[in-house]
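Got some structures for you, see below.
Two complexes, one shared chain (subunit A), two partners (subunit B, subunit C).
On to the complex of A and B.
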């Protein structure tokens, strides 16, 4: 009696599941259509156009892997990956690390600290191009405030054409990027710092731990998750970096600040080689996907801390 | 070994005063308990000894030396926090031994000591786990183990049992008492639970609103509470407090007359009479009774029974503690007798009258 009942219910369960799957498909269909139309189709057509010689207007001409062969022989293109790697390392220092440093420094309830945090955060809300233009004035060789200050304190020899020489241009972009984004990472880390129980630091202090020990052995391990997220944001954001480079140097001088995004724009739109530009984009997409996969493998293995 | 002295100690957080004029001393080797309602400043007092809070006024001396400005590690105190303060990313062994590591004890000696302490606390076998993989009681023992490895002059406990269930609480209480016996070190223990204080302490310091109300052994506090607050705070079930007026013959409690001598006040004065529940009894007959009352509620605890009865002055119910069992029911009238030898009298300001 009971056995029969179980059998019946299990068989209706199986067909029920199939029927529910079919019904479910109807409900996901609109999303699937949108996903196909706006993600899958453009992706597929990009791969197609990356194998054509196309100026964006006339008929595209199939040329196979020629664009990719050209890309791997394109010295400026290859150098742009070096520059973007340097830039990302720079953002890890000037944005993530400095943001963490400021979060620890400004983590206090004493009066005035909330204001300091707000001030430090304020560049984040500024538009990137506005920041770029603003800092171009600051770095200007003749009229910029930096060189003016250096001259005023007698260090005339230190005045530099900051944005117009290969040795300093990329560093300047990194610094501005840090000025712009360190506040964002500070707020991110600040929220996480607040969740670390105060007693942990007190227990360490009683045993003779100094602030450096506490930072390395309590703060850093407990912020690991947040640091991983920050690194992901900085790395993917770095590869997408365009506006700051465009407004500050646009790849100059002598392509020393050329990054993939600026080079792609130049190839695709300035030189009317849309097919080649798209091929470069496909390469960039591949690189970012690869890095994301490596990151996910690593991040998945690290545990979430429970208090 | 270290004697701890507080000399006219004050503490403010900003403009808010938290501790007023605390003067007391804790002898070396003593187990001293700070007890008081939540928010009365117990933790603050403890943390000032540890060096985790700045002293706003007065002086704290450790072993006779001014300690106000002494950095925490130099005070050689160990603290067990209410939340245990275990590092979630470290193993049990690392949590217990990090202090030794900071002080430069070599790895081999360190792990020998950790194993040793883990054995006495029955933590062997758990040394590689993380705090999240431990039960509440095990975490508590890790925190105690950490303190033991410090080998401090003073052990400090800030409400160490409040996150444990009732059975574990009693067990851990016994372990702390044993730790005190074995090490012979001074211990300062903070709790809001007067039963913990009574069972553990050599000496109890009762705090209320940032002031010391009374200092004494558990029995001194129980038998001779210095004021109404201490009388009401120490003892479970609570002492019965009755408004009364001093008369020529003794006391007038509402309509009830009680013949007592030595109240310590003049006729006509208002006093508060304190009677412990065990000093109220049910008389055999109404003629022997001090007054007759009506039972409101009976709580049977097995070995003893608590009878809640109407008070002759109205207001809070009287509590009677009776040995053994009884068949009393709510609504019954009972003859109550007050034992005149164990009464406490307090003046209108709440201070004890001798």
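On to the complex of A and C.
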């Protein structure tokens, strides 16, 4: 009797759980369908086409891992990762660090500071392509304002073809990227700075601490989470970098500013090798995911702030 | 209250309505919508587009049963994604613009382009074109069958020069390579920039460098190297790149060659900031828009390099044309339009808009401006026509050769090292 009662009760519970599960499935089904259609299916088809010899027009031909073997033997492709790493390091300096510096500098309610912040932020609203074209004119060897200024002050020998030399082209792109995005990071850090209690600084000052000590021991630790987010944004954004490189240098001179995105575009569309281009994209996706996962794991571990 | 309609009147109305319907359906063919012929191309503006629009308007007036719809893309967008997307769609356009050579042959193999043997064979249509247009070398044929109606012959590289600068320097167009180097040295010595090239996209110098190579390397070896059947690192290819290096050593190239775009380089030439600018025949139409009215310029072909070479007096150029999609809705109407477009009278208009028509007699009858006439004469006097590698061979191989030439022109690598790099680069492309 007892056993039978338990059995009935257990059976009812299981049915209920199934019913509840089915109801839940119905509710999440639209989202699942959309996710499958717009994320999972394109992802799966990308992986498939990365293993084909395909120009986008002809019938795709299955070639297994040949595209990946080629990618790891393609020296320009491998060098593009070095270039993008240098670019990301540059963005950490010119965007994140400079943005933080400006946020600390302009963290004041004095008259005019709001205007300065707005001015510093203004390049962020420009499109990347427009910014790239604009700066190409600035760096132009013959008519650019930089060389014209150098010549005007008698430094004629300093005038250089900035975007045509491997030694300066990547640096120019980094500088423009910094000009474009430092304002964004400034605003992020500025908002975070406003949340730091003022009494911490006052207490430190009463103890005889200077501004540098306060910055290193109060500001930086309390901004740690924001800095981690900013660095993550800079790293992932750096890997996706395309517009500035495309408009300013198109990977030249001599492939010295070739980054994964520009190389993928050239292979897939200019050279009619869509299969190879997709394989390069799959590799790039894997690299970005891996770096993001490692970084997020590190960020999670270090979210406890001690001061 | 409205009076009720008598039954007889209602019947009469019904009969009238039926009669009207019957008359209407009988006259339907006369009122049917015209068949639509969609043409996709990359002529976004300028004299060519105006001439094309005028010919389309004349065709529609002469053929009220056919309506032409143009689908226009920017040049880069068209070749990168615009055309592919349309050809892969379930209803591709009837007519599409295409380059002769590898693209046309690929379209033929994949069934995107219609075999035009029958159409071109009818009523002497094919015979209305100059004979070389349908030679195997020009890339209009696949397995001996035509898949493209040629519309324009483009010279992809000649050397344009500023007549004023040449006059002031006391120099004339060179007759051979040694003279070219001499005048380059002379111009550089006077503080001029002898050549301005915007090589950011590699093809502007690459095209010229491949033309030079085609005049130095035996034709069979040249072909075999670009088809990856033989190495590039040979004494002949090295000799060809040495010629590029000679120009560099003579101070010939602009300092910003590697980072300058093709359009800014052309503007630099128009501003008189350089004596010479190697680029294609399209400079003529650009000069109309961008150069000052008193800007005086002319052109000369790459001068004689090796008198014993079979292609010693060649011109580098390519054919472009219209292909017909066999999967489109109205391919026969498309052929009707193409016959109309390539009729001698319309090709005269086409030529007067600055295009080099491959239709017999069109260039002779057209009232050409002196620059276009000079280009036509250059083509007529050429011993042969060499197609550019990027429309003839695998694009990635052509691009790699262009990059090797860029290394040499920039002084980044010696000709030998550039060829070693090139063979290493194309090695990864072999399957």
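The rule is simple: the second predicted complex is superposed on the first by the 285 of 307 C-alpha atoms of A that agree within 3 Å, B and C clash if a C-alpha of one lies under 4 Å from a C-alpha of the other, contacts with A are read in each partner's own complex, and residues count from 1 in each chain.
Definition applied: a contact is a pair of C-beta atoms (placed from the backbone, for glycine too) under 8 Å apart; a residue touches a chain by one contact, two chains touch by 3 or more.
Keep in mind that this is a model prediction, so the values were computed, not measured.
Superposition of the two structures on subunit A leaves subunit B and subunit C fitting side by side, clash-free.
Shared-chain residue A:255: touches subunit C; no touch with subunit B. Contacts of A:222 after superposition on the shared chain: subunit B is touched, whereas subunit C is not. Once the two complexes are laid over each other on the shared chain, residue contacts for A:207 go to subunit B alone; subunit C is not touched. In the overlay built on the shared chain, the residue A:243 is in contact with neither subunit B nor subunit C. In the superposition on chain A, A:199 contacts subunit B only, with no contact to subunit C. Here subunit B and subunit C are compared by how many residues of subunit A each touches, and C touches more.
When the two complexes are overlaid on their common chain A, residue A:57 makes contact with subunit C while staying clear of subunit B.
For the combined arrangement built by superposing the two complexes, subunit A sits at the apex of an angle of 150 degrees to subunit B and subunit C, based on C-alpha centres and given in steps of 10.
Think of it this way: put the two complexes on top of each other by chain A, and the tightest Cα contact between subunit B and subunit C is 50 Å. With the contact threshold set out at the top, not one residue of subunit A is in contact with subunit B in one structure and with subunit C in the other.
Residue ranges of subunit B in contact with subunit A, taken from their complex: 50-52, 72-73, 77-79, 81, 83, 85, 87-89, 98-99, 102-103, 132, 146, 150. Put simply, subunit A touches subunit C in their complex at residues 53, 55-59, 63, 66, 70, 73-76, 140-142, 161-166, 169, 249-250, 252-255, 266-267, 269-273. Residues of subunit A touching subunit B in their complex: 197, 199-200, 202-209, 213, 217-218, 221-222, 224, 305-307. On the side of subunit C, the complex with subunit A involves touching residues 80-81, 84, 87-88, 106-107, 109-110, 112, 199-202, 254-261, 264, 268, 273, 395-396, 399, 403, 406-407, 410, 412, 424-425, 427-429, 431.
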